[in-house]
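Take this structure first; my questions come after.
For reference, chains read A, B, C and D in written order, and residue numbers begin at 1 within each chain.
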Amino acid sequence: MIPTKTKFDLKLGMATREAFGKALVEAGRRNKDVVVCDADLSKSTYTSLFHHEFPDRFFSCGIAEANMVAIAAGFAYAGKIPVAASFSCFVVNKGFEQLRVTVAYPKLNVKIVGTHSGISIGEDGPSQMSVEETALACSLPGFVVLSPADEVSTTALVHAAIDHVGPVFIRTGRMKAPVIYPAEQKFEIGKAVELIDGSDVTVIATGLLVAEAIRAQEALEAEGISVRVIDFHTVKPLDRETITRAAAETGAIVVAEEHLIDGGLGVRVAQAVAETHPCVMEFVGLHDTYAESGSPEQLLDKYGLISRDVIAAVHRALARKK
Amino acid sequence: MIPTKTKFDLKLGMATREAFGKALVEAGRRNKDVVVCDADLSKSTYTSLFHHEFPDRFFSCGIAEANMVAIAAGFAYAGKIPVAASFSCFVVNKGFEQLRVTVAYPKLNVKIVGTHSGISIGEDGPSQMSVEETALACSLPGFVVLSPADEVSTTALVHAAIDHVGPVFIRTGRMKAPVIYPAEQKFEIGKAVELIDGSDVTVIATGLLVAEAIRAQEALEAEGISVRVIDFHTVKPLDRETITRAAAETGAIVVAEEHLIDGGLGVRVAQAVAETHPCVMEFVGLHDTYAESGSPEQLLDKYGLISRDVIAAVHRALARKK
Amino acid sequence: MPGPISHSKIEPDSFTPFRRCSSSASCKIEVPMMQKKTVPEMQVIAKRMRREIIEMIGAAKSGHPGGSLSAVELVVTLYFNEMRHDPANPKWADRDRFILSKGHAAPVLYAAMAESGYTPLDQLNTLRKLGSIYQGHPDVRFIPSLEASTGSLGEGVSLALGMALAARLNASPSRTYVMLGDGEIQEGQVWESAMFGAFHKVDNVVAIVDYNGIQLDGFVKDIMEVKPLADKWRAFGWHAIEINGHDIPAIQAAFQEAAGTKGVPTAIIAHTIKGKGVSFMENNPKFHGTAPTPDEVKLALQELQ
Amino acid sequence: MPGPISHSKIEPDSFTPFRRCSSSASCKIEVPMMQKKTVPEMQVIAKRMRREIIEMIGAAKSGHPGGSLSAVELVVTLYFNEMRHDPANPKWADRDRFILSKGHAAPVLYAAMAESGYTPLDQLNTLRKLGSIYQGHPDVRFIPSLEASTGSLGEGVSLALGMALAARLNASPSRTYVMLGDGEIQEGQVWESAMFGAFHKVDNVVAIVDYNGIQLDGFVKDIMEVKPLADKWRAFGWHAIEINGHDIPAIQAAFQEAAGTKGVPTAIIAHTIKGKGVSFMENNPKFHGTAPTPDEVKLALQELQ
């Protein structure tokens, strides 16, 4: 839990993809074994910053994501720490068999970074939106799956990912993200952060939805509802201890994510809850649908991914809680 | 529910992949718009039977699963009913981006059949085993995902899949499968089959694990435990009504599947339970690991996918049930 | 040419999947096809389409001008001279088909479809806005007369081959055209489909590579060289033709050569200039995916008088 | 040659992921490499390996004899003459590497590794059994001295290129060899990696295509023709050499030519006979993935005296 803060100003910071790109340069400075692979999106993924500083350790793969993932695997076999980045949908979906057989199965030390996750990429529309990569990444045994909410957590988790020996996927977004954490906040892979304590209901959120959960908490507090808000920056391995405690102590859980409900964080939390301390749950996410073109704000509104939807889910959960 | 039967002899029948291949020929006879695409595995997937009878409607794609899926999409745009088959891991994993953007997003009338699902393929080992395709297929909005347990249900569901207008994935296995159903049994996409009624606990199973669940029920009955057994031949859309009823009436649910627990049927059931009628649950499946080479029986035993494991899960669930 | 088809507002969720089409025989109604335009007429349309492209991307404030402008003459020649199609009867079973595999160049396709009468001209400037039929990438949920939803690179040739083989099964004269980017052909699926097309002798497919030398992050030669391009297609069993992709008569001749080529599919390597027609966009990687500012729009439209 | 390394029973779950290796400089210990064998010696080893392949697949009652037998001379020449490697020091940073991209031919690799002293010869017949280090497809969890886990076709060239670029970064003389099936090259990833290898001038990689004309379901020409094969590699920027893949001196010459080829990677198109050495398996699609019966094993071993 963040001990002192109770109010968050949530002013816009860097996009998590940009924070990734900057952290990657720093990681490159710290460790000369870090190499970077790109699939013709280095400006969008901000790996162009690494390219600029370390041209010899940057490998352009062209529009060929499957090869990129397996090239990264080759680097890892040879002792390098490869980071391969692209839009989430392209690197995960076109590279999935490579991630399975060639990276996860031998547990290689490969880092995959997906940018432009979720529907908040906006105008480009569904073909470029990734709404399923949590499902895919979590079905790779041994993979760590990270989904940071802001620039501070992204920076810390990129370094944690590089230090972790084994495969990691990091999900980042296109839009500027509200800053949640003080610069000095510490993060640990697999340890969720309790942002706000509360006793009536818990909101477990990840990525962009963490800020929406905080906003929802503020509104619900005014209604006299005590909401615990937890940032699950690590989707896998799941922090089951924090989940169990939330279930036991608040008896109702809402999970909120910019992802299909099918296969997302929510179903994983539901499983942990069912195995430990069953309680009522509600889910905020995409309901088995692709989105469309529009501004990020319009889409998040239309597809039910804003604080209003978290608030409604909390009300539903409390109505069902005995 | 199967009304009259209370004992199942479970004698070995065809493998579900073989039942698929035979049903496909029959579908080809009934409907001349059915075309079949193969990726150099027609003898293993039994699409060779269709090839033999309808050579003009069979399209060899070579070892190129991504292209195969998109070729099928082209056929569907032109009004054909394409069926593309391969080992589950290859068609789903190498074709996933094609399934997402090119099939699911425009909701094309494409049928994908994965054979050699699960770890019961045995000796070939993990590179050929598919333990994640339920997670992947279910994260395709609009897709129907079927996972039949025996030859009777496979045959019926292949025909139902062809008749259904929209994308369908069918998961089949390599091994001969115990026969569960009488030949005349009717199946409906999205409607689970209650095989055995019971009041203490419900076992929800799919694929090969249905027979194991039946075996477990027989053993548990001898201990005086009343077990409801349900065959979820449709993983998506999920039969939430049957789940809710099971949760309400038995208060404890075990889900059993030959798949990673991450992203499988179990987490989906857990989500439905949490949203409707929370109850204790236990899960039988693969725990974030790939398997290895061995005989199918040895692997199912070693990785905890036999009736013994269902029985243990039932005991755990009952111990937690209040 | 019939007037634009009216489009009611479509919700993506309410979209119903493709129904099985009845066999081609029953669809063989006599239809008045698009009338063929002359070269000078097409040049006029091409210039108008360039203006529409600039305007719609300018209005959207995002989008891909470079690869839309490089493809104008190719698309104009297809829609106004080469393809047998009928905007009044978009689902005519025996029509020729066009797939924009490089879906990010949607504006050139939207301009051609609107100019042909498939979709409303006066809504082009709603591009990329919530509820617009002119989605960021071509989306059949919003424009059912589109041949395919695209946007993930590398898939179009496969789609074209599937459609063309269906036409063969139906004994239909339909031909399918598919346009690829030169960056796009780095995707392995393109070569899987190339091998497939040659193996199955799919001679009713024409692949057109918009060889503009630039991809998203820079020049193709710096990101992932694709040379020698024609040799690659030939080694994969295709008939390959190299042309200037802005020369309409050369484009017509290439399509004619393709139509006369039996037993193998044809690839047209069209040498083009990315951003063609707008001086400050020409051969400028920046305008792959950057919308012109209002001032740049004004400047560009002046050049395109 | 050192004796076989003893292998303790390994549980796949307990496998620890690859640790970062220290830089190549610190690994440059003087190591006694494998001694080069003469051609007659290699012919003897090749025959012994054929027997081992037949025996182990016979004992396993499943597996892929055809594509194992076609690759024997190529693999023998690599392990006993061409590659700089040391079974006593399998993780020597500057070693040459071999990746069996067509992982289903694991028996030929297992035989070569056992003959070289990496793994126990006397356990070959545990192939595919629960707990055996000789898994159905090569699995680094069970044999850490393997260069890569393989089994899903199409990935090996990418792996080799990644390893070779790492060697370049480390200024290591290490070369990487990768063997593909002729069916396997239908995978688009192979062409993505081919383009990448030429673009990055990875001249320390050699791809060997086991051109045996047969894939799983039948003859390559009937499933998906790959001809003209050398032209494809050349169009993708590789130096291509065609040889008889059972002629050891020709194989040696090809490796030498590859070593002398600078600025581009080399592809060796090795014309082979699937099932080579066993009359009833030669050029017989049935023995792609069918184990010989006990009687067939006996017959085959007689032929391989």
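Everything that follows uses one rule, which is that a contact is a pair of C-beta atoms (placed from the backbone, for glycine too) under 8 Å apart; a residue touches a chain by one contact, two chains touch by 3 or more.
This is a predicted model, so every value here is computed, not measured.
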(Q) Can you tell me which chain lies farthest from chain A, using the average of the Cα atoms as each chain's centre? (A) D
Q: Could you quickly compare B-D and A-D and let me know which has more C-beta contacts?
A: A-D
Q.
From the mean C-alpha coordinate of chain A to that of chain C, what's the distance rounded to whole Å?
A. 36
**Q.** Whole-Å separation of chain centres (CA-atom averages), chain A against chain D
**A.** 40
(Q) Taking the mean of the CA coordinates per chain, how far is chain A from chain B in Å? (A) 30
**Q.** Sequence positions of chain D contacting 2 or more other chains
**A.** 139, 141, 149-152, 186-189, 192, 195-196, 199, 224
Q) Of all the residues in chain B, which ones touch at least 2 other chains? A) 60-62, 64, 66-67, 89-90, 93-94, 97, 100-101, 105, 126-127, 142, 289-290
Q. What topology does the chain touch graph have (line, ring, star, complete, other)?
A. complete
Q. Given the complex with chain A, which residues does chain B contribute to the contact?
A. 66, 89-90, 93-94, 96-97, 100-101, 104-105, 126-127, 131-132, 135-136, 138-142, 236, 253, 260-263, 266-268, 270-271, 273-275, 278-283, 286, 288-290
Q. Which residues of chain D touch chain C in their complex?
A. 186-192, 195-196, 198-199, 224-226, 228, 231-232, 234-237
Q.
Which stretch or stretches of chain A touch chain D in the complex?
A. 32-33, 35, 56-57, 59-62, 64, 66-67, 69-82, 97-98, 100-102, 105-109, 142, 165-167
**Q.** chain B residues within the chain D interface of the complex
**A.** 38, 40-44, 48, 60-64, 66-67, 89-90, 93-94, 123-128, 289-295, 298-299, 302
Q) Where on chain D does chain A make contact in their complex? A) 15-23, 93, 139-141, 147-152, 155, 158-167, 169-170, 188-189, 192-193, 195-196, 199-200
